[in-house]
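Okay, got some structures for you below.
In the two complexes that follow, chain A is the common piece, with chain B as its partner first and chain C second.
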Partner chain A sequence: MREKETTLYLGPQHPGITGNMMVKLKVTGDTIVRAETHVGYLHRGFEKLMEVRNWMQVFPIVCRICVPEPDPNEENLARAIEILEGREVPERAQYIRVMVLELARLASYLLWFGGQSGSAGLYTMPQWSVGDRDYILDLFEELTGGRVYHMYIWAGGVRRDLPEGFADKVLRVMDYLEKRLKHYDNLMLDNSIFQKRAQGVGVIDREKALDWGIVGPPLRGCGFKHDVRIDDPYLVYDKLQFEVPTETGCDVWARALVRRREFEQSISIIRQIMEKMPGGEFYNKVPNPLHWKVPAGDVYVKTESARGEFGYYVVSDGSDKPRRVHVRGPAYVHGITLLEHLLQGANLADVSFIMNSLGTCPPEMER
Partner chain B sequence: MSDRIQDLQKSLSEGLPQCSVEIRRHGGVELISSKENLVGVLAYLREHFGYRHLSHISCVDWLEQNQFELVYILWNYESRIQLFVKVRLARVNGSGISVRHLWPQADTYEREIAEMYGLPFDGNENPRELILEDWDNKPPMRRDFDTRAYSKEAFYDRPGREDAKDVRSVISGRSGEEIPEIAIPYTRK
Partner chain C sequence: MEFSLKGMLNPLLALQQAGKRPHTIQFPFEEKKVAERYRGLHFNDLEACIGCGTCSTICQNEAIDMVEINPGDSENAKPGDSGLRPRVDNGRCCWCALCVEVCPSGSLSLTTHYNYVSEDANSFLWTPGVSNPDGHKELSFVSDTSHSLLDYARVPMRELEGKERIKSFAEVVLGYADEEAKKEAARCIGCSICTEVCPVHMHIPEYISAIEHGNNEDAIRIIYDNNPIGETCGKVCTRRCEEVCPLGARGEAIAIRWLKRYATEKAENAEIIREIVNPDIKPPNGKKVGIIGAGPSGLTVAYYLALRGFDVTIYEAKAKAGGMIMYGIPKYRLPLDSLDKQVEYMQSVGVKIHFNTKVGEQISFTEIEKNHDAVFIGIGYEVPYTIGIDGENLENSIQAVNFLRDINADKHVDIGNRVAVIGGGNVAIDAARVSRRLGAEVTILYRRREEDMPADWEEIEGAKHEGVIIKTQAIPLNVVDDGSGRVKGIRYGNARMVTDEKGGRPRPELIEGDEHILELYTIIGAIGQEADYSFIPEDIKEKIGFKSGRIVTNEWQQTSVPHIFAGGDIVNRTADAISAVADGYKAVKGIEQFIFAK
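After this line comes the complex of A and B, so read on.
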């Protein structure tokens, strides 16, 4: 007897969905036969809007492309403008940028810890990790004035220098987060509920991982040691010592371990930054923002965000407005083609679990 | 690094005489292809030059030249050199050519370009809608689509928002409700 096929709509309002998107599922019993991703609930037309804004006015727009980790966007755009103009960035500003990017990565991983455990039914973890993320947001607030969106990195450097005593505060938060890691392990990674849910679930085909455009922790979870910070170093990453952890399981468990180990690496990077931070200027003087023309040309810049390669293709026609800014978020690939593929044959209860493990983020899929 | 880029440029010009190959000012190598050669070029780059990672497919509307430019950005994990493959297409009645058999994720990019620029792809006919559902206007990412005119036409102003006046004072003017002092908008004296 053939089982009846039912259509289920998961989202756009659903606690297990990582943002406003919908997954249309065809299920027989508990097993998913087909999945279709539907985005479009969050389209804000940012790329169109950027084409009618001055270069400087684009900065407050780009940070809103990714809610959990806005800083790679700012950094990408700033670096694209700097490359097109041939503008130098003071070394101190580069160190500060790396610090901001790594703090953002930690904040993003803390949110992810919460989301991933929450979707396995471990509800203590989100309370703790989101609470701890607030200490990083406090640092951001003191440094930039904003907790979530910072608008801090701009072409030529950063907007403000570090406030008095800020380095000590950062190091204190790092010490605290490092101490908390063992509690996270107890709650999440050493928890047999999590292990049983994660091992062997959402397995990516290792042979195809490179061809499918998979990046970031899902790629490293397949055993490929690829990280933009190493492959195509930007800022001062080539002066820092850090490891790129890999796992070979290709499943949700492998991705969780990769992220957990990267967390420690980021803490170590921030400590090195604080030690090596040089003095000097924190920005180079830029032209009047209202008459700021960027030389014609096109450039593709990329950053290793918490979810993988975050790229910007920026085209200038020599005017005071961008001709085209096209954003490549990692979720654009992970959340559509890869997610639809991984959900085929998966259990209904694993949908949000797999989705979280890929770092699906609707705002960067539709901008 | 620059030696390796020059070597790559040389071997690409020999291997792909139908394309113009240039070293880019901002790093990497740029290939300009025709639409007919595009799939062959990309497959060749993938198989023989190790360009397995398709980072990005972008479309730029060059309205003044009446052309669309498709940009394929490829990355080689071994040589770590960025490669741009560009193809110019007619803006009116033009079409791109699908590469989703080479890279499955290309399908998403093609769906988006098809609906945002109105540029169809041969080999990816009737793509599923991605972002815009039931859109029957001009494709919105085209340079000649006026967002402001469209929103004026499609939406109406909230009452009190027809002009640039402060909404609270307009409404209180109508209803006679008193505005607390703290909410009175600041005006320069």
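After this line comes the complex of A and C, so read on.
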């Protein structure tokens, strides 16, 4: 006798996930038979909006595409314009940008620590990691004037130079976070219950991982050493020493370990940055923003975000507005097709857990 | 995997953190001290703000609109201020602070104020500076010219060197090259504050934009739309537009005059102007208008009436058209061929000019009245004031306007090697710079301080660069006779500035005993001019209203005698070419209305 199928609607709010989406689940008992993702709760239309805003006005828009980690968006747009224009970026600005991107990665991973644990019922972790993330937000506030949306990286460099004594503050936060990692391990990664929940759950088919277009920690958790910072270095990543950790389990556990190890790499990168950062200009001024025209052409740029390769395809027709800005966020694949696939046969209690492990970010799907 | 004892006990170590003080929210609640460049609610310095609206233009959220704080603010605003102020809809604002980065005056900033709670939804429409009058105490994200998005530095104009200049009457300003002009034009923020103060309301942002995009022919068409002597204005305009350019608040104003000069010079002769402007000339309407004086106002009236199908005749006393711009402005500022080209173009569209026809001598005013449906008087201020000191009538004591007129008419004037010019206006500077070119040592004597001089600062700089000595706070007392009826020198007294009790500008007061004599060959008076109305019959003079020597007109330049219109120096006190053009432009409409209402 066939067991009766029940329909459940999960979301649109999810623990540890920024933005809203709904997952429609067909379950028999506790087991998922089919999952269907439903987006459309954000209704933003940013890509279209950019076509009627001038180039400078696009910068305050792109950062909103990803709430927990807006900076790769700013970096992508800035770099796309710089390539189209042939605009030089002062070296100091490149170092500052890497610092910002890595700080954003740390902040994003701290949010993930909370979300991943929270969705497993470990509610102490989000209290800690979201609190620790605030130290990074304090740094952002001091550097850019904004805690969440920085609007700091723009074409030609960055908006303001580092405030006085900023480097020391960054290093202090790095020391603090490094110490905290050991507590995180005790509570989360060395915790048998977490391990039991994570291992063997949400397993990605390694053979198909590349075909599906999986990137970032989910791909590195399948043993592929793929990272834009190494494969196609931008800014000054080629001048820095860091590892790209990989795991082979293809499951939630492997992805957690990849992120945990990358966290240390980012701390190391930031320390190198603070040591090597040269003086000089931080901004190569763009023309009057009211009549700034970017030469016609098209370019695809990519940045390694906390969730993987974040791509922008920017087309200019030579006018004062972008003709098209196509945003390809990693969550577009991870949060829709891959999620639907991994949920088949999964336990109902693991749905949020798997969502978190993929770095599902609805704002990236709806641009 | 199996559960390990370590894996079960490890999480308990979290208890170590139980006493940790929270970082995020403090109990009891403490207001967060935000960072120095925090982007909170807006503040606007209402005095420094000029209401240019650039903040509103750049706002990608369309959160800013420009409003009157009090009804009537935009009407009562001082020149160079729209009277409007930004109002921010905090329901739309994203605090990106692009508005701050493009604020030319630097009046707009963001504050440390981040907490705002109200039940009244309308109160989220926030007028910075009005909603938070104390906001200046909590400024954080402020505009700074060193990292503003605007370009505050002007593209420098290339000029002849001082030593080269005084060798001839060659034009001093060399003009922008194409790339320089585009670069300068690109600085414009298109706010139109300049348009408001321009007497003619020329379409300044529009032609600057055309120049920026290399559409010089468009720029010429836009300029000729309401100014037929755009090229002249491009060289010698008093440019009130630049005085109010918002970029001038913290940097250098857009070189509006030089950009106009650049565009108009692209049309090399009258035929090319005609080809580019390609004016729509209406068929003759049978109405005749007589114009007295071919100065800027008369030419403007004539040009636009001719385009509208009127039969227009100008009566000009001298051999060339242009009035004061022809005979008053030295050729190193306005070369002859430039003016000829513009006049020739106007003649090509049907403007008739009778040269060497002085009204009152070659033709009577009554005859002009009889032959035309309307008359426009634009005779200018050509009769110089005398200084009013002893010895002024001695030989070689001359008047600047006469001197400049003679030089421009290629006559020889013997000024010797030592000259003093009395006065501080543009005419004085012109006379001084011309005398330098004739090889004389020149001193300007001016009663007040240099900053009080009515002359254009660039002209003053130019004069100094050419070696003119400017002696300020020097009051002429009398001209010294050499015993044979010729000028030997001038006796002047030094003055101190005393504050005016009535609140006017400080005035000079003679320091007793501090008197000096400057030995001279020639003394040139340049303290002002007046008009010669002797050609107007007495009965008409009685009907036309005069006030302090100027004719009173209505807003259409119409006098109390309905068919007589007037404009230029004889009507307005500003006494510059652009105001005369404005008068002419208004008179065109006035004359049209008058004639067709009959």
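Just so it is clear, the second predicted complex is superposed on the first by the 361 of 367 C-alpha atoms of A that agree within 3 Å, B and C clash if a C-alpha of one lies under 4 Å from a C-alpha of the other, contacts with A are read in each partner's own complex, and residues count from 1 in each chain.
FYI, contacts are C-beta pairs under 8 Å (C-beta built on N, C-alpha and C of every residue); 3 or more make two chains touch, one makes a residue touch a chain.
Since we're looking at a predicted model, the values are computed, not measured.
Visitor: Could you say whether A:Y149 touches chain B, chain C, both of them, or neither, answering first, second, both or neither?
Guide: After superposition on chain A, A:Y149 lies in contact with chain C alone.
Visitor: Once chain A of both complexes is superposed, is A:H326 in touch with chain B (first), chain C (second), both, or neither?
Guide: After superposition on chain A, A:H326 lies in contact with chain B alone.
Visitor: According to the stated criteria, A:R206 is in contact with first (chain B), second (chain C), both, or neither; which is it?
Guide: A:R206 contacts neither chain B nor chain C.
Visitor: Once the structures are superposed on A, label A:H291 by its partner contacts, choosing first (chain B), second (chain C), both or neither.
Guide: It touches chain C, and chain B stays clear.
Visitor: Looking at the overlay, what does A:R34 touch: chain B (first), chain C (second), both, or neither?
Guide: neither
Visitor: Let me test your reading of the model: by the given contact rule, A:K24 touches which partner, first (chain B), second (chain C), both or neither?
Guide: Neither chain B nor chain C is touched by A:K24.
Visitor: Across the two complexes, find the residues of chain A that touch chain B and also touch chain C.
Guide: The overlap between the chain B and chain C interfaces on chain A is empty, containing no residue.
Visitor: For the complex, which residues does chain A have touching chain C?
Guide: 53, 56-61, 64, 124, 128, 130-132, 134-135, 138, 141-142, 144-146, 149, 151, 159-160, 163, 183, 185-187, 190-193, 195-196, 199, 283, 285-291
Visitor: Across the complex, what residues on chain B touch chain A?
Guide: Residue list for chain B touching chain A: 25-26, 28, 52-56, 58-61, 71, 73, 77, 80, 82, 84, 103-105, 107-108, 128-133, 140-141, 143, 145, 147.
Visitor: Which residues of chain A touch chain B in their complex?
Guide: Interface residues on the chain A side: 36, 39-40, 43, 45, 47-49, 51-52, 83-84, 210-213, 224, 226, 231-232, 297-300, 302, 309, 311, 313, 315, 323-324, 326, 328, 332-333, 336-338, 341, 366.
Visitor: List the residues on chain C that touch chain A in their complex, please.
Guide: 1, 3-4, 6-8, 10-11, 13-14, 16-17, 22-24, 34-39, 54, 57-58, 60-61, 94-98, 101-102, 110, 140-141, 147, 149-151, 186-190, 209, 212
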